[in-house]
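For reference, the structure discussed in these notes is given below.
Each chain gets a letter, A, B, C and D, in the order it is written, and its residues are counted from 1.
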Amino acid sequence: MSALEEKSKAVSDGGGFALLFFVVGLVASLIVGWVVFPKILYSQKRQPFDFNHKLHNELVDEGCESCHFFREDGSYAGVPKLAQCVDCHESVQGDTEDEAIFVNDYVTPGIEVPWLVYSKQPDCVFFSHAAHVKSAEMDCKTCHGDIGNSSTLKVYEENRITGYSRDIWGKNIAGFKKNTWDRMKMDDCSECHVKLGVHQNSVQTGKGACFVCHQ
Amino acid sequence: MWPWTPVPKNGEANVVNSVSTLCGGCCGISVRKIDNRAVKIEGMPGYPGSDGKACPLCLSGLQKLYGPTAVSSPLKRVGERGQGKWKKISWDAAIAEIAEKLGRMREDGRPQGLACIMDRECGTVPALFQRFLQVYGSPNFMKTASVDDAYELTLKLMHGVAARPGFDLESADYVLSLGSGILDGWGSTVRMFRARARWQENNAKVVQVEPRLSNSAAKADQWIPIEAGTEGVLALGIAHVIIKEGLYNKAFVDEFGVGFEDWVGKDGKKHDGFKTIVLKHYSPSTVAGITRVDPDIITETAKAFAAASYPLALCGRGEGRTPGALHDFMAVHALNALVGNVNEKGGVWAVPLPDYVQWPEAKLDMAAERGLATDRVDGAGTERYPLAKSLLTRLPEIINAAEESPVEALFVSGANPCYTLPDTAVAKAAFSKIPFIVSFASHMDETAMMADLVLPDHGHLERYEDIPAPSGMNTPVIGLCRPVVAPQRNTRHVGDAVLMIAKAMGGLVAEAFSWESYQDCLEKTLGDNWEPLLDAGFIHNPKFTPDAWAKAFQTPSGKFAFMSDACSYEAEGAPIAEIEGKADAYPLTLIPYDSLRLAGGPVTTTPFVIKTVEDNVLKGKDIFVEVNRKTGGKCGLAEGVYAHLSTPKGTVKVRVHMSDGIVPGVVAMPRGLGHAEIESYVGGKGINVNELIGPVEDPVSGMDAAWGIRANLTIA
Amino acid sequence: MDSALIPQGVRRCSLGKFAFFIGIVGAVLLWGVYAMLLCWLKGLNQTNMNDYYGFALWIWADLAVIALGGGAFFTGFLKYIVGKDELKNIINYAVLIGFICYSSALLILAIDIGQPLRGWFIFWHANVHSMLTEVAFCLSCYFAVLSIEYLPLVLENRQLNKVPFFHNLAHNMHEIMAVFAATGAFLSFFHQGSLGGVAGVLFGRPFSFREGAFIWPWTFFLFTWSAAAYGPCFTLALTKLIEKVTRKKLVGDKCVDLLAKISGWMIFTYIIAKIADTYYWATVTAPEGGFTLMDFYSNNPMYGIWILVLEIVIGGIIPALILITKKGRRSPFLLVTAVIFGCIGVSVNRWVMVLQVMAVPVMPFDTWAMYYPSWQEVATTILPVAYGVILVALSYRYLPIFPQEKELNY
Amino acid sequence: MKQSQGHNRPKKYGMVIDLDKCTGCGSCMVACMAENNVPFKKDETNKRDSITWMKVYKLTNGKPFPENDVCYLPRPCMHCEGHHGHSPCVSVCPATATDYSTDTGIVSQIYTRCFGCRYCMAACPYHARYFNWWDPVWPAGMEQMLSPDVSVRMRGIVEKCSFCFHRYQRAMDKAHLEGRHELAEDEYQTSCTQACPSGAITFGDLNNPEHKVHQMVKPDNAHGGRPQAPNAFRLLERLGTNPKVYYLSTREWVRKAGDNSIKGEGKAHAKH
């Protein structure tokens, strides 16, 4: 082999190695970024006990608002209080273990259930359920997904840095979403507001001003 | 996001109406709650007087409720008095200790050694204490005095009735305020603000007579700067002009007045009447010499006052924390009478004292009877001061003068005498001589610091109480203070504490208290009124009208007494209450001043309210005194410099604020600072002006007539 | 000991002496770092800034070092774009000073903000209407450019340059430096201007508010102009200083003379514009807001009319007249006087445009706000100076900053 | 989905403060602090480091005794409209953390967006903006009084009066529930307006001729909202900040104290 050939071989050998190095590095990075990082970032928390939305939904007359109702002052009550459940659940009704936990650990001693709220926003956020549900006549599903037909509660994932629920950022670590309920970030609020042209009142951005969604 | 910044919990909003007892005016309040947390205090719409508004102190009441000074359980003193060393004890142990102590005193035949100090005398809580003292056998119920007491005495002497003063402010069309801080906390604070708004709408004229350009003066149509302490003289000067020009209401004076003309007393001698005295001694030029008010202004003011349809003269300096000289009150009331506006629209009304506390007469045993027969320790009701009901300001001197304190055991509730009494050092010395002090304070204060036992009362937002008659209200009102939140700490209602002590005492003392609890007592006392009170938050009779002239006066003559045997003006000179100190050593005069941004009474200012205090009143821990720019210049002072302020009571270091809004020769100091450093938001800042001013006994009433003290100000 | 690192053919002091010097300056640096950490950890309550003085000492320092560091872009502009080749003898040093000034400025900005962890919001949530956004973007970009300009210099270190890759990289970077210089000049024109705009757009503050062209107030142009004019003054001043310290001649007279002349004419034209601006502001802009000129300069213990005289006459007219005359700039004493006066002039200008803006009461019942810095602020402000001294010392010792050094001294 | 809510007539919420009525009692300041979770420190006497969204200034006519006169002037955020919504502070914020809403005319703010550059404070001639120099600290237990309607601010950011915008949000919630899109005048009132015992503060929509604020000052929207009522004025009218807080006073010296006048006549002096 001539010196020239030798050199070019060395280069091509070296090139192969470099390529391999690049590919391995890329794959490793992708795994870390897409799989390991979310695992580290979010802690998994269980709800105090499981709850069957579907089952309850079939028993009530007014859909979601039967339990997740509006108060007279227009504010939204959110997750039901013990008092709402006690009417039926004063004693164990069915035969599920979860109900037994509920009755024995919470109803009997009169302790509110420390539910982990998937859609809980930071305290600087103002969200009017009344504006969306009553005036805009949106359904719950648009933002929350079809929870009403779920028969079990998913694992609550909490961001270790911010303390927020993973439902805010969304399941997809890159922030892509397929459904309207996949994410609950400010951009998602704004996306809909921009599309529908509501509260496009900012002098700075031409979109919503701060106090539309902040307090 | 920022883990050490709290995130308030959300929940269901609800509102509880109550009455806030922090300020003297008792604002009706609406408390907004989120679930079980109280988050905001607002005014309660429809509440008599305050109607939807509240004063700054009451608005910040949540800082008391959740604040660091609230006492969390009964405390027993373990250190020296005032040192603030305590150990927590149980309620039962505390009650047992008191009962044991009181029992022994009673057995030893000295029930009169028990005394009680409160800041009020009406309503069920004072009544419980009064009843306890009665069955126990002590006449020594004392109340911190205010202008209301001086006014009551005035009505007693001039109308011959036991009544409190009511002012038909809203109807007045000419208001002459002789030193009253009508916008600085005088009367029922918020009602005064609302009345002022009404005056503005009705084009009523407001004239403020005062040495300092206070907020009241600044917002008046006219400010008449006056030599400190001479407001009563000016009133008589105005009376002079009115009489001389024949502008007075002859229908009233001739037909319903006595002592206006020369009169014959019980002693059979002829006395000069009001008219003679006023004409003789109070010509505008004489008055001008004393008050330094221009004679023309006196004449003009008199004419305008007399010409107004509903003129109203008010007195009682500043917020009205100290009663002042009885002569001043009588002079001003006489001025009102001259224009015939007593018990009339836009005038001063004699409003009957609240009488809804009607309990069956308590049975007394021998020990009690004997104790009650003794003279009161403060000298009220004795030969020297027959008119006064209580004379708390005399107490410290009496205790200090005695070898052993005549007060052996003391209950303190609602009051903070170790802060509010004049000459605080003397008061504290007296308190340290009292062998046994029980404080019912809900918040640690200067007096509780001196106590042996602290039995914490519920805070003002945690308890029931009837709140009768805000100061100056011309219609009868009972407000309901009710729990906004459940008690946050191991406290008991002071009424319950009294019941517990009584029950622990046993015998007739226990028998006098048949109620199960304070709430039971309150409900039964109010009877049929309880439900309406609970529903509305208050009971009010807005249609109340005072007795017509023909039957309003129950003096011996049945007429309005301009002068009488009980109290007559000296024939000579001007009745200005002398203040302490010699003019050569103390060329200036120190006067306290009140502001809504500082609570001057038993309740300490809140962090929010002190935040509103300007930096030329308080800077860091330094208090500023206000002095006329020229006077200050003569003393070699400049804006902001440190200076020594000395009075016969002591010397303190202050900073100087040069002002164009104060008469020369006067040094003004805010009331409400200089609290003990129990917390560091308000405590330990500035000087308590009461430390520098001693009491001056009014020769007739015995109440504190001091309006200031001689002082000197030198650069530090 | 470190002779292998020292550029060939030049003499440097002993390592011990050098280390001693660095040690002293390093102590000052550590003091500054301590203050900086206090500000970050305990918050800005460590400063004497307050609600009236939201901008204070170190923002002034920030603006001042950026103006003084303007020598880098303007010298670069002159050398690479205008083609004044003589300036190659000072361009390295100008770039070094620029690099120090801009890195310091960025550091100060990072300390100055109340929530440093959110600093990136200025890029992420950028508001295009804000002059500060423009500043942040241009400043960061220009800092990157300066780093690129400084890098080949570092690579020319004797040992580093032995590495073929570094050698080639440095060489190739030199080749295309004109592109970066042009980019840098462009960015610099903007951010110097936007720093001026920061004060000029405040229409609630009549002291600083100026009318202007398009979206830019006159201060925008004046700041750019003044940075271009006074930046070279600072470069020259520091050259004279380092020559004094090292007791060597490092830059040829011809180069100094050229830069001084250009700086002189720039100051001369700038000061005419500044006087015109001041006149228009005093007679038209400010009166429209209800102010007379003397409202801004009286009834306070600090800001007398003297400060305007200092800025315009002492810091403007005098250095301009010295530097534009051949006699003036060729007299060593006058030259040094002129460049120092120039540095003072531009610093005073930045001072009043930051601090006096805050001090002047705008509401008629408001009072003058006076302020003095806390030690933490002073230390944080001195921190970049110490850092600069160290970087200059290291660069001078180990890098061929002054290409003429050999020819002028040995 | 309905879109109607976005198409309400634009409001311009503003305030009229009658200085003849204001007595300087401080209720507005306290009501504001209590409503908006404003923090407090142990020493608040350094007024340049003391957060008071609503601040009452004491003005004097500067005359010697006994002609001296004082007037109190409450100063909330002016919610300047500037030129077309470019209020002095809004346009300078580099992170879009503050904004001007054309729907309500309110200068709004996101506390968690602000990174504390303080440029807006430098821009505001009214000193209505305050910086959190310190960590807000509530004595143990006192954090219970915090309202959930207003986000608690952290150290290192700027805050200011929001015209109690959360009250608007609260009122709108109720309106939505009741199928309304408009609020009645009394449904949205600020905490200070509600608290003022003298009734000196009036709040409402300046664009709405039926609202009291409009009737009291008759803003001339063609000329930057200039008041047309005889005794009405705005602070620093000449600067073109176009504030939405109007003042009323029958006293000439007070009206003159509201703005700088080049001849220097009638200038008020701060009481210091």
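Just a few scattered comments:
Assume a contact is a pair of C-beta atoms (placed from the backbone, for glycine too) under 8 Å apart; a residue touches a chain by one contact, two chains touch by 3 or more.
A quick note: this is a predicted structure, and the numbers were derived from the prediction, not measured.
Each chain gets a centre from its C-alpha atoms; the one nearest the centre of all protein C-alpha atoms is D.
Annotation: C-D is the more contact-rich of the chain pairs A-D and C-D, by number of C-beta pairs in contact.
Chain A and chain D have centres, each the mean of its CA atoms, that are 37 Å apart. The distance from the centre of chain C to the centre of chain D, each centre being the mean of the chain's C-alpha atoms, comes to 39 Å. With centres defined as mean CA coordinates, chain B is found 60 Å away from chain A. With centres set at the average Cα position, the gap from chain A to chain C is 49 Å.
For chain C, the set of residues that touch two or more other chains comprises 127, 129.
Among the residues of chain B, those touching two or more other chains are numbered 1, 7-8, 10. Multi-chain contact residues of chain D (touching two or more other chains) are listed as 46, 50, 86, 91, 93, 96-97, 112-113, 135, 148, 152, 154-155, 272. Residues of chain B that touch chain A in their complex: 1, 3, 7-8, 10, 12-13. On the side of chain D, the complex with chain C involves touching residues 46, 48-50, 57, 59, 73, 82, 86, 88-89, 91-97, 113-119, 121-127, 129-135, 154-158, 235-236, 238-241, 257-262, 264, 267-270, 272. On the side of chain B, the complex with chain D involves touching residues 1-2, 4-11, 34, 37-43, 50, 52-56, 59-60, 62-63, 65-68, 183, 189-190, 193-194, 196-197, 200, 213, 215, 218-219, 223, 225, 488, 596-597, 607-616, 618-620, 628-630, 639, 659-664, 679-681.
By the touch rule above, chain D contacts chain A in their complex via residues 1-6, 10, 84-86, 90-91, 93, 96-104, 106, 108-113, 148-152, 162, 165-166, 169-170, 172-179, 181. Contacts from chain A toward chain D in the complex involve residues 70, 72-76, 122-124, 126, 128-131, 134-138, 196-205, 209-212, 214-215.
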